[in-house]
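For reference, chains read A, B and C in written order, and residue numbers begin at 1 within each chain.
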Amino acid sequence: MLTYDILIVGSGGAGLRAAVAALKTPGLSVAVVTKTMPTRSATCMAEGGINGVLDFPGQKDSLDAHSFDTVKGSDYLGDQDAIDFFVEKASEAVRETDFWGTPYSRRDDGRVACRFMGGHQHARTNYSADKTGHILLHSNFDYALKSGVNFLVDHQLLGVAVEGSGDDAVCSGAVIRNVRTGEVVPVRARAVVLATGGYTRMFWARTSTPYIATGDGVGAALRVGVAFKDPEMVQFHPTGVANGGVLITEAARGEGGYLVNNTGQRFMSRYAPDKMELAPRDITARAIETEIREGRGYGEGLKAHVLLDLRHLGRDKIIERLPQIRHVGLLFENLDLVDEPIRIRPTAHYSMGGIDVVDHRTMATTLIGLFAAGECSCVSIHGANRLGGNSLADAMVTGKQAGLGCAAYAARAAMPGESALNRLADEWRDHFATATARKDGASPTELRDRLAEILWNDMGIFRTGERLAAAYAAVGDLQGEYATARVGNPSPVCNSAYTHFLEVGNMLSLARCSLLAAMHRTESRGAHTREDHPARDDANFLRHSLVTLKGGEYCLDYRPVTVTRFKPEERKY
Amino acid sequence: MTRKYAFFPGCVLDAAAREARDATQAVAARLGIELVEIPGWTCCGASHVQDIDRETALAANARNLALAERMGLDVLTACSTCALMLRTARAELKNGRKSAVNEALAEAGLEYRGTADVTHLLWVLADTAAEWAPKVRKPLSGVRVAPFYGCHTVRPPEIMTHESHLNPRSMETVIAACGAQPVTIPERLKCCGFHAVFPAESTAHNMTASAADSARKEGADCLLTPCPLCHMQLDMYQPDARATTGKGGDTPVLHLAQLVGLAVGVERERLGLSRHIVSPAPLLSKC
Amino acid sequence: MRTITFAIDRFDGSRSWTQSFAFDHVPGMTVLACLIRIRETQDPSLNFTASCRSAICGACAVRVNGNAVLACDTMLDDLLEEWGQDTLRIAPLGNFTVISDLVVNWDEKIERLRLARPGLHARAEFSASGGCRQSPRDFQAIQKQWDCILCGACASECNKLADSRADFLEPFTFTHASRYARDSRSADSMLHVNGMLDNGLWKCVHCMECATKCPKHIQPVEDIASMRGMATAGGRTDGPGPRHAQAFRTDLENTGRLNEVKLVPRTEGLLSAATRRLPFTLRMFARGKLGVGEAIHLFFADNRPVEGIDGLRKIIRQRRRDH
């Protein structure tokens, strides 16, 4: 049986960083499993930068300030011990990646350049032009090549295996599918790190994230009893392109763009009269949705939108300062922002929730031998709302800690047995045969699109208990249809239809977790806005939602948030 | 309408491809295009000097352009690599290198201003085809010609802006104006191998043999190229390419100006058709 | 209604065929949007890869009518206009091993990328705990090369690779080596250049396809050139490539123009020129490409220097001083 000491699933920033960290322990064999070529992940889409306080004489910023901003940004749902640890390591991560070759933009004195991002008191977002994520992903990939990381490219995670039961249960590896050949491959490992990215693709029609961000790792963890923490916490970015949700960066508003409703009015004057279009993301997103709900938008249903108008900036400024945004307008809306306003609407952007991590130093989960890192994990650092620039820092910090943590564990752990892996592999072989044999049944892409519509309408920016409950039931029905859905391609060779079939199954399951937790969180906190419970309720909900899957049932439990130095107070900016 | 250009022959037209120079000048004279050779022009660097000494190559080409400017004329060359090198230098000078390079040119009493465009004989012939087509005295009907554009004629598109690099038509336009029939081969927009004939000899031979073989298979009477470097490679090395690959070996290769010269009735002896390694005699019997 | 047809090269692991998919023309669609529509409404077995759909992840490069494009970054309408026809041929990238349909194998490419020795080996004054220092100008010198998204478009029509993958590398690999070789933070530039020298640095045929196809407007051919310059400056002047280039430079400085007769012996050595190249030379004489007397003169003497050669020499000297 294919055997490694450490198996890392996912090759974005966190997965690559974990692999390099794990290889620092001599003698360990490490492999990275990835369903695509390693550099295709969401990390490359991050533009703004990576947060980290770099100390230098005379500065006002501090690790404490970064910690406080992150806690406040999380609407106090972040764990403060973990956040203190995170900001310290984030600072180290910037210097470390600089040393590895990440080409950061520079100040005149040669130091890494940084910029302001929303929700921060100081400029601490270190950047490389407007493509920091791309630069970090590729420099991590290069460093992984330098470190001798082995890749299993074009392999999809099917499941995590658990050997033994009860207190003796340990993760014994994973079963993966060679997408090229269709072969189902059990891989034995002392430790497994899940670094599979977020789950915002459940909002398929309205998300800024890549097609591959389907929550595969969260789904696999859920199936072996590991909790999905804070699944209801999904960040919406205010300006996605109406057609599909690709991001229009904040620079468009920063440079002076107007948000306009169907009466031609700059409606932000009614929501944030001082800041206008430059109000924080959540306020702006809610304002846009309010306009649409109250009939002042354009279009209907999923196609509803308002306009972002840049024309008054003039041709030269648009071409000089906002070339990328102009390009996005051309690609997705087939228009030139110099001549026409662009249709926009909020878009699902980031998963704050994820696999329940119980030790922020090692990124261990409740299953011995299973670790998680990056957007698929939830420590929780970001709580109910992530600050700009903290996602790349998260990928670097939690990736490294998971790599170190799993290596320390693997160095002393016994090599687990093979029986569970063989059983699981057989189950998946049967699954492929059964699922691809079906000639009729629902189309998975249609189920996916219906899921996206339900989530957007009922678990979007405004939520109510009644609609969440209805959606929970409706998605349960979709799961029923999914059980007999067709794949549409029986070939084992490079069957991307089956790949997507499994992704849709995961997304349906994760959506139910999110709806369950959202339904029961009867307060408004961060990204979770309950119209029927508009206030934050610290007495009852200063705690994480934990959804587990037991015998096919979704179960909800809670765990208190760790509060150390910063007492919860009203989040005002 | 007469056209007048500062003529940049390039080293190859001055030596191994002297027949291309003769043909170019004869055709130009026949079509009323006045070519005045740039006095003191130097090698364009041919991408080789650029590899190891970019500054020297840029300075030499800035000097070439400045000499042309002094004549008050746009530059015309009949070599695609010369055209690319001169146009690349022009782009670099435009994008911030002008003042530094002008400090050097001043030592020779020259100044680069950026007034002279650089064009290719092919482009002029294609753009004016409708004007000169009536002057075709001996339409080459029945002659099948496979155009071989050559990389530097069309790529990179940011520099070689004359026409689509994906779907260029200039060669076909000229061939059709001559009354001949264009024949498409898969190597139409591919490399002849010239620039790596020494370090990557087998690759160059394969490329040469492949183009010659395709032309033969498609029933072409000859390959036609607007670049004397492609010509050198496809013609002079065709026997060597045949020796190592077993393909090609008897496909004549004509310079662009030679084909036009045949059509507009330039005396054959002025076209240097006897100087080719692969004899074009069978083709000439059809003209 | 205008109908567009994609004639797609299919491959299922053993069988190859071309399959045509017709669909209604809708203005403003990208090539990727068309492929997705075909997969979701006509044939779920069609395989291709895509991820970010905004031209930064590099997953969706394919060939349209034989030329690589990033599918998410290419408008169908532009292609229809360019080619003047409503049927387009869609194929996987060239110079890659095809897995199925439009999906290509990156394993081999990743292994070859390691030859560039990617990853910074930082200078001694820098540390992991303190990071590095770099001037904005030195950052800008490598910024373009870091735009590479590893989409593979530069390799697709590379003429050298099409002839042989054994003695050359994908253009993006040269770009990767170049971005570390030229990084002011690097301890040893030649570490990255040497691996390229051993893997075809001088074998680029200068077809310019890489620079033409890169969706990020990187010019790998220029990265190859700059590393050739670094290698030569670093004393790696052996071999026909560097000697050929130096012969050109020598002639440019001495007389202003190329001495074709001396070029071969300078590039390959006198012995090779006199023996291996003899049939070639005799052909040249026989067909009048070169006169015997002229050849003897050029070999022992040289071209007459061009008019104004002194000026040229002054210009070159000034540029050397200045640089």
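In this text, contacts are C-beta pairs under 8 Å (C-beta built on N, C-alpha and C of every residue); 3 or more make two chains touch, one makes a residue touch a chain.
In this text the structure is predicted, and so the values were computed from the model without any measurement.
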**Study point:** Pairwise touch network: line, ring, star, complete, or other
**Key:** line
Review point. Taking each chain's centre as the average of its Cα atoms, which chain lies closest to the overall Cα centroid?
Key: C
Review point. Centre to centre, by mean C-alpha position, how many angstrom separate chain A and chain C?
Key: 36
Check your understanding: With chain centres defined as C-alpha means, what is the inter-centre distance between chain A and chain B in Å?
Key -> 55
Review point. With chain centres defined as C-alpha means, what is the inter-centre distance between chain B and chain C in Å?
Key: 22
Exercise for review: Please set out, as single numbers or ranges, the residues of chain A touching at least two other chains.
Suggested key: none
Review point. Can you list the chain C residues touching chain A in their complex?
Key: 12-13, 27-28, 30, 40, 44-45, 47-59, 72-73, 75, 99-101, 103, 105-107, 110, 113-114, 117-120, 122, 126-136, 138-139, 142-143, 146-150, 176, 179-180, 183, 185
Exercise for review: Write out the stretch or stretches of chain B touching chain C in their complex.
Suggested key: 11-12, 14-16, 39-43, 45-60, 62-63, 67, 100-101, 103-105, 107-110, 151-152, 155-158, 164-167, 190-191, 193-196, 198-200, 202-204, 206-207, 236-237, 239-240, 274-277
Point to revise | Interface residues, chain A side, partner chain C - complex | key: 36-42, 44-45, 54, 92, 94-96, 98-101, 103-112, 128-129, 131, 134-135, 138-139, 141-143, 145-147, 151, 153-154, 180-181, 210-212, 244, 246-247, 327-328, 330-331, 333-334, 445, 487-489, 491, 493-497
**Study point:** Of all residues in chain C, those that touch chain B in their complex
**Key:** 65, 67, 82-84, 159-160, 163-164, 167-168, 200, 202-209, 211-212, 217, 219, 225-226, 228-229, 232-233, 239-242, 244-246, 248-249, 251-253, 256-258, 260, 267-268, 279-280, 283-284, 287-290, 306-312, 314-316, 318-320, 322-323
